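Chain naming follows the written order as A, B, C and D, and within any one chain the residues start at number 1.
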Amino acid sequence: MDIYKSLREEAYEANMEIPRRNLAIYTWGNVSAFDPGKGVFAIKPSGVPYDKLTAESMVVVDLEGAVADSSFNPSSDTETHRVLYREFSSLCGITHTHSPYAVAWAQARRPVPVFGTTHADHGTDEIPCTEIMGTEAVKGDYERETGSLIVDTFRKKSLNPAHTQMVLVAGHGPFAWGKTAAQSVYNAAVLEEVCKMALLTLTLNPQAEPLPDYIIKKHWERKHGPGAYYGQR
Amino acid sequence: MDIYKSLREEAYEANMEIPRRNLAIYTWGNVSAFDPGKGVFAIKPSGVPYDKLTAESMVVVDLEGAVADSSFNPSSDTETHRVLYREFSSLCGITHTHSPYAVAWAQARRPVPVFGTTHADHGTDEIPCTEIMGTEAVKGDYERETGSLIVDTFRKKSLNPAHTQMVLVAGHGPFAWGKTAAQSVYNAAVLEEVCKMALLTLTLNPQAEPLPDYIIKKHWERKHGPGAYYGQR
Amino acid sequence: MDIYKSLREEAYEANMEIPRRNLAIYTWGNVSAFDPGKGVFAIKPSGVPYDKLTAESMVVVDLEGAVADSSFNPSSDTETHRVLYREFSSLCGITHTHSPYAVAWAQARRPVPVFGTTHADHGTDEIPCTEIMGTEAVKGDYERETGSLIVDTFRKKSLNPAHTQMVLVAGHGPFAWGKTAAQSVYNAAVLEEVCKMALLTLTLNPQAEPLPDYIIKKHWERKHGPGAYYGQR
Amino acid sequence: MDIYKSLREEAYEANMEIPRRNLAIYTWGNVSAFDPGKGVFAIKPSGVPYDKLTAESMVVVDLEGAVADSSFNPSSDTETHRVLYREFSSLCGITHTHSPYAVAWAQARRPVPVFGTTHADHGTDEIPCTEIMGTEAVKGDYERETGSLIVDTFRKKSLNPAHTQMVLVAGHGPFAWGKTAAQSVYNAAVLEEVCKMALLTLTLNPQAEPLPDYIIKKHWERKHGPGAYYGQR
């Protein structure tokens, strides 16, 4: 009996969305699903192509970083996921990809302005971009430091990870999260689409202005505010 | 017996064209079909993914905005559709998407010039872009005001909605319409393709000139004028 | 007994390559196949979507422009095809599309320089772009004048249509041709790919230089010269 | 009994990745697989479309350039592959494509800077671009000279072909290689993705800076260094 069966299945289903949504080629992305009750998360095994993945091969890791149950190595990005679960409460899913438009903004080291309602439907702030990681951090535990860099970026900018559910790591690429693994991969797909739209916007108008605050607020509220009226209730 | 069965089926089929034509990811688009005899339109339920849609789930709404028959909530954009059916006579279908090239022009807040015959085959004027909506309108009934903004834009520019069947809402995205729901989604796909071609044209030649009026007129006439000779008769 | 059966099938098969190769959406492209012995060509019926096409529906037209055998209207571009078959000897296939990168160059009214060997494998000259058609020509027989404009462009530039098998009509889009209908649609796909590569090249280097003549000549010769050694013999 | 059966199958499987990964249209790419024990490589036959390829049709060529066993002509690029196998020891697979973003960099004649970790995961140096080949070399054995041009570029820049497994031939396109044919086509797909990301990066920030050396080194080491921890062991 596998006590992590449903967690592994949740992680597996969310990982398979990466190739379906064209968010990464080969093995260049990973999703984890967190169970706050058990204090563990299930994550993609390292370097395994999506068409060879199974729910059983998802690696279960605890919040101390120990592999709880698996014969596979977890994703090399596991430590980044672990730091985010520890530091950002209320996340139950994290997705990392190398989707090309999000990577382009990360490589250009620019945060993504809120140019339109597609963005505002999913967040009221520009999508932050971290600083380039320093030499000492890279020489240390690199993947753990990647998590810390994201956490520091949110603290410095006073961003709430429950509202801004995506980030660009400078020179690297995107991380997204949510209340479930499925929502985190949804947010990773949103981020890629928003990054594409924003790049095309700047191509047409290099001085494009962000949406006024009152429209940003309205779009966020209609989907996420107390009187939200989007979707079925 | 569902007296709205064929209207719902028309709306359903047109909605399913959105994912087939790659006009939106997830639930980011909606189509409605209007029956002028009954004075009602059928529209996509809010927040339901396309692969879960059925003809039965289409929501029937009357021109006063009351849901005539459904257990689902209609699209959050229903009020925009309603205003357009009331104000622009002769429309029997409306499509709203977040297709990326059209969104980029809307976010850049630029109308799309008539650069070529692909555009002229479908309209003789540049594709209009509204102003950014004002604070008061946003605080009011936002989706209804979006409809009013489109109507005002057409009045100010003296545009005929039977000839110019598409518009960009600044900072938001495209709406398209037509004599049927199917034609409205066709026009939404045309708009996306025309927006892509126009952006690539400006990349090659930032001073690109619009097509001369005599060619625009010719292309429109051969498809839509009294002596039209395109297609089968 | 249909004496045009094989000609119709050739035209049908080549037309179906347009959606397969993503060279046009909806009905925005057409291919014809010419039989020099019979002096007729088979062409797509006007306005019929590709998924409704059949070999039987291909319209057979003679070189005087009379429909030889069909209950369908031929493509509205039939007169352009007819002029090209009359004026450019040795063509047995013509393709017209609205593929987006080729349209962008046509709308920017720029010929496509020979930036690399992909282009040189298929022609030694830049891909010509016509002038914008004049008022009088547009008021006359527009589609016939489109053919004449292409022919005049080749004469003024001393281009050989057996060597340069593609052209951009300014403000409109691409035409390509070849020794068979299949080769003409192949050339239309080559043109789109070459136009995409050339646009991306200018994005990276607005002063990009064309390939030197001695490399252009070499690539053409290895595929098309007397000592050609590409492919199976 | 075909003593080259498994080599042909390896080459066939790798060639079929070209259309699957959208690395070339029609016949515009080829992969070879090298057997160092037998001193021969199997390569795609010239001009044969991928959907007509079979393992049996792969052409076996020895390191002197003689066809060891086949009724087909080998790829016209065979001499380039042969030079690389002779001069760059330890390669057992080579891929050549005309993928559009890699071609754009080759046509712009620019090496690709290491803008991010996607690149650094696969190499620590910018992707080199050769000089344009000179007149005399083109008049000689062109394809052999293409190989020599690549080898000279690596010598001048002191690059190690075991670490930098890809190159752009100026005005032409990409070559990639690896320890197997499958790895070489993987590297060709990586190159295309990295070229796309780098072009989009420059669109957003024409003064984008390369990744600092200490991060480049870290990413390479975690996948390829002595203490590599990526993937399963």
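As a convention for this text, a contact is a pair of C-beta atoms (placed from the backbone, for glycine too) under 8 Å apart; a residue touches a chain by one contact, two chains touch by 3 or more.
Quick caveat: nothing in here was measured; it's all calculated off a predicted structure.
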item: Partner chains shared by chain C and chain D (touch criterion as defined above); value: none
item: Copies chain A and chain B touch via same or different residues, half shared test; value: different
item: Farthest chain (mean CA position) relative to chain A; value: C
item: Geometric centre distance via CA averages, chain B-chain A, whole Å; value: 33
item: Centre-of-Cα separation between chain D and chain B, whole angstrom; value: 46
item: Sites on chain D at which at least two other chains make contact; value: 203
item: Residues of chain B that touch chain C when the two form their complex; value: 21, 115-118, 186, 189, 193, 196-198, 200-201, 203-205, 208-209, 211-212, 214-215, 218, 222, 229-233
item: Chain C - residues contacting chain B, complex; value: 25-26, 28, 45-48, 72-73, 76, 98, 100-101, 103-110, 132-133, 135, 138-139, 142, 171-173, 199, 202-203
